[in-house]
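Consider the two complexes below, in which subunit A is the common component and subunit B and subunit C are the respective partners.
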Partner chain A sequence: MKVVVSQDNTGAVRRVPMGLASRQALIAYIFLFPAFIYFTVFFFVPIVIEFWSSLHSDDTGNAFVWFDNYVKAFEDQRSINSFVLTLVFAISVTILSMVFGLFLALLLNQSFRGRTILRTILLIPYMTSAVIVGLMWRNILDPLVGILNKVLIAVGLPTQDWLSNYKEALWALVGITVWQAMGYNMVLFLAGLQGIPTLYQEAAKIDGANAWGRFRHITIPLLAPTTLFVSIISVISSLQAFAQAFIITNGGPAESTRFYVFHVFNVAFSEGKFAYASALTFLMFLAILVLTFIQLRVNRNGVEY
Partner chain B sequence: MSDQKSPVNSDAADQTAETLSLQKSLTRRTLLKIGGTIATAAVAAPILAACGDATATTAPASTTAPAAGATTAAGAATTAAGSATTAAGASNASSSSGGGTLLVYWGTGHNYKSYEAVRNQFEKDFPGWKIQWELYQQADMHTKLLANYAAGNVPDLVEEPGGWIPEFGLQDKILPLTSYIQKDGKAMGFPDDWQPFTVNRLTLNGVVYGVQLHLTNILLFYNKDMLSKAGFQNPPTNWDEFLTVAKATTQGSTFGFALNQDSSYAWPWFLQNGAHWYDPDKKILVMDSPEAIEAMQFQADLIYKSKVAPIPVAAVSYEGPQKLFSAKRAAMILTGPWDLKPIKDGSPDINLGIGQALTRKTQSTSAAGTSMFIPKGAKNADMAWEFMKRVTALDVELATTKEANMTMPRITWGQNADVQSNPTIAGFAKGLSYAKDASSELGLTGKLTQIQPLYNKMYQDVIYKNTPASDALKEFVTNGNKILAGQ
Partner chain C sequence: MFKESLFPGAKPLTYLILGILALLAIMPFIYMVLLSLQTEAETFAGDPVLIPSDPQFGNYLDIWQKAPFARFFLNSAIVAGVITLSHLFFDPLAGYVFAKFQFRFKNVFFLLILGTLMIPFFVRMIPLYSMMAGFGWLNTYQGLITPFLMSAYGIFLMRQFIQPLPFELIDAARIDGSSEFGIYARIILPQIKPALATLGLFTFVTHWDEFLWPLIVVNTTEMRTMTTGLTLFNQEYYNQWQYMAAGSTVLFIPILLLFLFTQRYFVEGIALTGLK
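Let's look at the complex of A and B:
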């Protein structure tokens, strides 16, 4: 490809070949262009518009109010409560789904008959629509007519108010989300485990390290990049949890499962306060950014084994 | 050096190489060009199409419309809503000539055969016209409608569950029906044949913005067999009797009563005790009155003190008590005619009794029901009105009652022999004589949708957390009054 024209010291014009790197970059940019347009139109521009909206009032006239909506968010106890409980939910789901995911990955990394079928079965919850999962668990956990309490009665155990006790409902949703997410985490950890060279394990074995020692000092550190990825993805998706509250509990009982995104949705579409909802959304965006940054910083040292 | 070229040979070789390279690169470039063009076109097409739509929709209305439409359509369902509505609001309503599509948003639970017959007749009477009948859950419809308003692309007709007409009407987002009523009101019997309060609740500053479609109320449903087994041949008529019956019918996992998680079901208790949302003279909430506190605490005590009702299950729907009642695990529930069909279909062996509303200070219950309005900016407002006239005709009301036991707002409906000869429906018709629309006065402030979530929170705090009703109601009133004061 000849795309550059230059003059040599004799004054003759000649085409100078573009460097390989430049050519590759040009081609890359050409192919990236449609995606860039897509992201600009459907992501970046709406984010800017949303930020602009958040600087206006929801009252008639939509006056420009600078950061009043942001100040209001920090004074709004309902918004703070929903953020705190979402944070509790996100941390719980992240930790539990990682622990269970890693446990399953270690189990299914062993060689035995039927492990492929088991891996597939464990991934089914993740592949199932959140709506279907929600409806299914609502019917299972209904304290009055649900299946689970009937089973508990049948085996002589006390029933639980899964979805009507404000202290239990959040944990019921944590359990459902962990059940749904752990299969995906298992697949990621499996990939990570299979990427660890066996020679480290063998060398440690020869040196007399027991199973726990090998897991603690070889597997865990070498899984750090996978762990980092899983934790970031899990925290982000948990902070954006919506379907569970929308379908199973409607944010109740007594707003104990009013997740932040569900709260924002209601502020916007039930109360009609779009500007305030925009500010709340932007604050969540910043919170996710900060949390992701913290995770990257915390895990940076761990990766360098 | 063997690989060192002479200048001449080198130039020739370069030219050859360049030619080859050019041919090769041309091919690649051409491919890139084609690929890039296709990709760009693919990305740009929907955007251009969207712009085209917005322009086509709003251009006849105003020269500034495309800009407003484009701004809001870009995703800012926000502050531009007003301008988009104004722009779209100027669009012309079509007449019956020429044909078109009438876009109607309707409640999922109200998709009756009687209305299907009206639609079919409408399409037959107006050749070329089609009705696009979109069914939504009420909350989803509100979401959709807000987005529609923001985008300046509204439906022609909306069935709303109550409270939306003041909400949108005060924002100048609903078409006043004045000219239509002047033209057709007498012939269709509007407003004279409608229960007066159903007209008042849809009237803002003397202008009518909607027409009531259904008019329902909440009464006491009871299982005759369960009450009879406990020694009661008649349903309770006041709170004391109610508590006695509830205690007597509570056994093991069977409860005397089932409260609803939906806070609107608390209103019969408030009204019976003389409590009200709002004082229109002082323009403040008055739900911290002793009457309101007593009514709210009475409901919580059914769960925590008397233990005659279970804690309701937190859910999206209001069906929980009906399911318990159908499963014969609740002897009494408070509900409306919408639960008749599920109970009769699901548990035909239940010996269902329907009692009148209880009395405390007064006999009362809450009236509810849907109404219809034409959003400002509807493209086919004339045809929407035509459909409204047909769907509210007395014969359609009677057919709907026969099909689904739905109760209606026409006075002549209540006087009809078919209605009066049906004991179940006649009970609801009687209930309408003392039922009240609890939210009508507050609704007229246009702040009901902002205050409603606070009310829901208060209700759930009391029902689920056993928070003292006095504390929860005081907090609700304090926060609600801030909204009313515009703080």
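Let's look at the complex of A and C:
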């Protein structure tokens, strides 16, 4: 009987009799059929539709205008403003939540009683719906009815009106998002820390390196792949922030928290400019794709130890 | 391996810092519960109250009458439930094919599916809305559910768990005359129960919490889910904080309980893939 030698991704070689191979293929195609339909209809077709519609005008008649909507995006002050503030937001959230996440992970990477409970509690904000988080913080930070101002008065500090001050509202949202995201980064860093062989730490200890020296010269370099991974997914997800703006600030004051996805959402569903909104979406999509490719590339040439 | 301790004598400091941060992490939730028990006057007092003077448990009854809250709860349960069941059935099915079958274009198909991981939801939201409008599926369960029936993340995760299973298991079942679907349902699925638990929990929580899509595809009150329904207390019944807090608590409790009892799966799931 003729034999096909096949190799799967693990490198395992399997000899399959020929008749069985084509039967296998048939079953494989049948089992994959639902996935084929789903990803075609709900991923690939929408993206083609979106690109096609981004090349048309929003005015009556929907004339084909090539890349006019993309050109418009670069001239539209609102879109530029929205992109810039979203970028500031994403970078700030990423840096702060990584610092806190790493700090928490280092503390939790010791053996002590109550470790699991503390880890669980620290992860609760991440598991909570952005809607609950948004509503809660909007109440807490409210200049009139919020509890935070009362606490500030009680301890003799000046009160805040972050949510109604256009210079500060974005930073209030950064703070809330860091509060929510740090537990997630903590878990990823914790996994990274546990992946570092203890061998190196022991060797450095014997050589007389102190705790800071071991952290600086062993932990940080060996954690580099985790750090890169966390930073990229954090930037990517913060670039898509939406609920904070929708629920807490409604994009204000003075559009100072008009996050990009919130902006696109409004351009499409409030102003009805679907073609322009599609072009804006594609531009952000490209930015995120570039970030993703950087991540994939660096992962491939990852650190070896 | 856990380190014994960061530096000598680090333990008291560890407890202190982690204790403060853990308190910061849950304080807003405790405040939410306290707020949900206040009277309307207390929530609006110029001088905000922490402990309600006369706990208003009635707030929890009122929300079901003020808005069709039972319906919101049911809608969320149906949407998140159906999506989760669909993932639990279809993700491992495709994962099984990629783990154990040999066929033409296998790698092409696999890369195409993995490629969808790079497509964030907001990229699909506008064309999906147009499609749903075209199908007449605005304000329907189909509209809320169908964009999320499977995920590349789930397929990939399931493939990783099925790959190490021995071929002998499958071959033996084939020789015994089991149908191909029977092998999937009775041999493969039971072998990957812990992975299915992780996938199911993540999927359920993600879609219980989903906000953007229900906001887009639904504009009638009775088709709102819990998340979009809650914002009603914020818009139409302007700023009734005690109801908003009570509703948030009702939305929060199922997820909190689910998380507390199964947190091991969540932590492993995050660490394994870095994805929610």
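Methods note: the second predicted complex is superposed on the first by the 254 of 305 C-alpha atoms of A that agree within 3 Å, B and C clash if a C-alpha of one lies under 4 Å from a C-alpha of the other, contacts with A are read in each partner's own complex, and residues count from 1 in each chain.
The working rule: a residue touches a chain if its C-beta (ideal position, glycine included) is under 8 Å from a C-beta of that chain, and two chains touch if they have at least 3 such contacts.
The model shown is predicted, which means the values in this text are computed figures rather than measured ones.
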Touched partner set for A:266, first subunit B, second subunit C, both or neither: first
Subunit B or subunit C, by number of subunit A residues touched: C
First, second, both or neither for A:211, with subunit B first and subunit C second: second
Touched partner set for A:252, first subunit B, second subunit C, both or neither: first
First, second, both or neither for A:164, with subunit B first and subunit C second: first
First (subunit B), second (subunit C), both or neither touched by A:130: second
Touched partner set for A:53, first subunit B, second subunit C, both or neither: both
Which of subunit B and subunit C A:32 touches, first, second, both or neither: second
Touching partner for A:294 - first (subunit B), second (subunit C), both, neither: neither
Which of subunit B and subunit C A:118 touches, first, second, both or neither: second
Residues of subunit A that lie at the interface with subunit B and also at the interface with subunit C: 27, 31, 34, 38, 45-46, 49-50, 53, 144-145, 246-247, 268-269, 274, 278
Subunit B to subunit A touching residues, read off their complex: 18, 21-22, 25, 28-29, 32, 35-36, 39-40, 42-44, 47, 74-82, 139, 142-143, 146, 150, 167, 171, 261, 310-316, 320, 323-324, 327, 329, 449-450, 452-453, 457, 460-461, 463-465, 486
Partner subunit B, residues of subunit A touching it in the complex: 1-2, 15, 27, 30-31, 33-34, 37-38, 41, 45-46, 49-50, 52-53, 56-60, 62, 78, 138, 142-145, 161, 163-166, 169, 246-257, 266, 268-275, 278
Residues on subunit C engaged by subunit A in the complex (per definition of touch): 1-7, 10-11, 14-15, 17-19, 21-22, 24-26, 28-29, 31-32, 35, 43-48, 50, 90, 93-94, 96-97, 99, 101-104, 106, 109, 112-113, 116, 118-131, 146-147, 149-150, 152, 155, 163, 167, 180, 184, 205, 208-209, 211-212, 215-216, 227-228, 230-231, 234, 241, 244-245, 248, 251-252, 255-256, 259-260, 263, 266-267, 270-271, 274-276
Contact set on subunit A toward subunit C in their complex: 4, 6, 8-10, 14, 16, 21, 24-25, 27-29, 31-32, 34-36, 38-39, 42-43, 45-47, 49-50, 53, 104, 106-112, 114, 116, 118-125, 127-133, 135-137, 139-140, 144-147, 149-150, 179, 183-184, 187-188, 190-191, 194, 198, 201, 210-211, 229-230, 233, 236, 240, 242-243, 246-247, 261, 264-265, 268-269, 274, 277-278, 281-282, 284-285, 288-289, 292
